[in-house]
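The following block contains the structure, expressed as structure tokens.
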Amino acid sequence: MAGLTLQPKRKERLGDQLYGQILEQIVSGALKEGDKLPSEKELCLMFEVSRPVVREAMMLLQADGLVVARQGSGTYVQRRPPQGLIAIAGASDIAGILRCYELRVPLEGEAAALAAKRRSSEQLGQIKAALDDLGRVVEARASASAADFAFHRAVAEASCNEMFVSILESLHAAIENSMAVALNITREGSDQRIRRVLDEHSRIYEAIAMGDADAANLAMRYHINRARQRITDQHQDV
Amino acid sequence: MAGLTLQPKRKERLGDQLYGQILEQIVSGALKEGDKLPSEKELCLMFEVSRPVVREAMMLLQADGLVVARQGSGTYVQRRPPQGLIAIAGASDIAGILRCYELRVPLEGEAAALAAKRRSSEQLGQIKAALDDLGRVVEARASASAADFAFHRAVAEASCNEMFVSILESLHAAIENSMAVALNITREGSDQRIRRVLDEHSRIYEAIAMGDADAANLAMRYHINRARQRITDQHQDV
Amino acid sequence: MAGLTLQPKRKERLGDQLYGQILEQIVSGALKEGDKLPSEKELCLMFEVSRPVVREAMMLLQADGLVVARQGSGTYVQRRPPQGLIAIAGASDIAGILRCYELRVPLEGEAAALAAKRRSSEQLGQIKAALDDLGRVVEARASASAADFAFHRAVAEASCNEMFVSILESLHAAIENSMAVALNITREGSDQRIRRVLDEHSRIYEAIAMGDADAANLAMRYHINRARQRITDQHQDV
Amino acid sequence: MAGLTLQPKRKERLGDQLYGQILEQIVSGALKEGDKLPSEKELCLMFEVSRPVVREAMMLLQADGLVVARQGSGTYVQRRPPQGLIAIAGASDIAGILRCYELRVPLEGEAAALAAKRRSSEQLGQIKAALDDLGRVVEARASASAADFAFHRAVAEASCNEMFVSILESLHAAIENSMAVALNITREGSDQRIRRVLDEHSRIYEAIAMGDADAANLAMRYHINRARQRITDQHQDV
């Protein structure tokens, strides 16, 4: 499989930029839960962008559960991400982090399913070692994003398909960035949240160990989806 | 989302190499449908590789439907890819092509689902234009892999998530390579097969146009899975 | 597994009734493609029902792709089911038929996946026999719903899980009814549509024969989803 | 949708009977983790059944993760269900309970997805009320299967598709039976396990409240899959 090369990074989408600016106002509290957003037309004027750009930003904010459209009435702020989010991540990164989750759910779900079918006992041992490492680091409340990435990488490796590993590595910076954000929130969270994060990883490992592809796919997708929710919702399992 | 960079291509997995060599024997007819493969132990000796390498190659051959294991009896050749396959692709590429399909099914399925939810009317127009292009090229029985890639790229673009586009582009060479193989087989095939390939693309477009995310996901996954089967099975819908 | 008993049929949901009445107007042409529907408030008054009932009916019409909501503007007829639909089915049945498809997609998809993993060679033979029967009946342009049901029942049987068979049988009347409608439309359709219907069934059989659970799930879900679309859309693959 | 009637219960499959008898030996400890099972041929003679019946029972035991086949070597006991299982359920019911889970995963996953798209605020309120009820009962360590069923029924109701409700009700006895078993195991388990069971239900509710169909589908499938695992594996999250 020759030819796995990446195009130079294209300029950020206008929709993502507008998304970031509205998100910043939600995180800062300038827009509060329940507040109505300006109309499409007003947003076009305020930010000097075209209608499709406004629509794309609105759709992404809805997709992330941050705003909700009520038919015939307008669009309202639905939830506010955790306080320290912008401090940790920078508003401009949040759009990237959330788009990255959209990709990881199907990609890593499939990798986990293949790993359940194909892993050698050596590969399973490496997943277990990464899981134990992650447990130690998280319990110590130390920075866990490297250990977290190592676990996900070991699962991809066990899929016996190099392309899953290559893509995960190409997303390395974006993923560790999002993990740092999610785990930071966890670190500031309760003991219960920490136990949940470890529990989710254990479930993935167990399904792969049992050779149950459907359960592995499900456990991985569930885990990544939950991580995504932890970023956008400050009320999630405090 | 900074940091989307790819590691230098790592050396080919030993399992993939062994896979390629056994596949070559199946395509050449040295191993025929129904023939029993040498045992794990014999394969270790013949190819001077370790047991895990043999197991990985066997698992991938099974995953691709080329061989089948009968418990307590051994492993047998189940189907033979189309005659001209090696001529078109080179045995060493086939493993890469088939692994690439494993990745594309979940990845492009998700992109199609997001496109159904988010596409602007301009983006929908671009998908339609790419579909019409593909129809013209295929009907003319000309080389269609560029037009085929353009269709899939337009769907990824309509997901409003740059990362799907970036990954598709990073796989550009591998995907066009596999499309060339699949479409070549189609070109040599019946009118019926050509109609099916176009039909599959139309279904994806229609589901996205209707805004039906589940149907779009399903139609895309079905299409890519069928393309994969066309490569490994010469009896498929001749 | 004792205790599989059905409650007496509950009275039809008001939402389904309203759905049926609006559908009837779309099929009869009283409401044409592109026409705007009355507002929620007007529909409440016209049909003397509460707002939640109107919302439920609207949501179901949208889910079936028959109407589309344009934000801030209203709800419009998007497509018109095939002409003879009401004649064949009776407007009051259409809601039931389309709700039945919603159930069959996940249910029979899973049954097909389990069949790919578990079928004995005898069970596979019965699926093949049912497929051949269906081919004969459809080619003869005779009434094919019994043969169609027999194919789906044979797949459920091969899942080695009696509960899939029991539920399919409990839905027997509803399923054969919807098959009669879909196949009638097919019978009046082109040769190409007939070939497609047979092709979809062949794909399911082949995936089960190959033992490929994911492909079997996909092929079954795709087939049932297409059948659903054939009922609501007169433009589908004529 | 007339005609939703169930055939009289058919006699238990021979494969399920054999499954029950082997399971009984695993639960009783007559067969221990790591023990090798008799060969197919020996099982045919021991139980006076045909080869396909033995194969079906073996496949179901593998599907449930109770035994594992090692190629060229034989089939071994992989895990032992919790001690009190037979006492609570009776060996003859376990096969039925586990087959019921296979059905519920796709069925209730889809119902949850539809509920996320369609629920009225009244229906959402009923799901919340059922969740609160379940919390009270479980915290009090009282029998929770009726409250558990009520939660799942409220989700099905919110799908706005009566057929999901009808099928759930037709499975009422089988589902409450399996819930009683799973919750009994939970009741005897740690505080942590109780928190997890409630947490899983909260996730389903939250995804439906947010209108996120994919997350609701995922959370429901994950929950039912975990419940299934709790029944077969005594080591699961003690």
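Chains: A, B, C and D, in written order; residue numbering restarts at 1 for each.
Simple rule for what comes next: a residue touches a chain if its C-beta (ideal position, glycine included) is under 8 Å from a C-beta of that chain, and two chains touch if they have at least 3 such contacts.
Here's who's who by UniProt: A, B, C, D = FadR family transcriptional regulator.
The model shown is predicted, which means the values in this text are computed figures rather than measured ones.
Checking A-C, A-D or C-D against A-B, more than half of the residue-numbered contact pairs recur only at C-D. Simply put, of C-D and B-D, more C-beta pairs touch at C-D.
Subunit D has its Cα centroid 28 Å from the Cα centroid of subunit C. Note: centroid distance subunit B to subunit D, computed from Cα atoms, is 36 Å. Multi-chain contact residues, meaning those touching two or more other chains, do not occur anywhere in subunit D.
Within the complex formed with subunit C, the subunit D residues making contact are 1-7, 9-10, 13, 15-16, 52, 55-56, 59-60, 63, 93, 95-97, 99-100, 102-103, 105-107, 109-110, 114, 117-118, 120, 122, 160-167, 169-174, 177. Put simply, subunit C touches subunit B in their complex at residues 65, 68, 78, 192, 195-196, 199, 203, 206, 210-212, 214-215, 218-219, 221-222, 225-226, 229, 236-237. The residues of subunit C lying in touch with subunit A in their complex are 69, 71-72.
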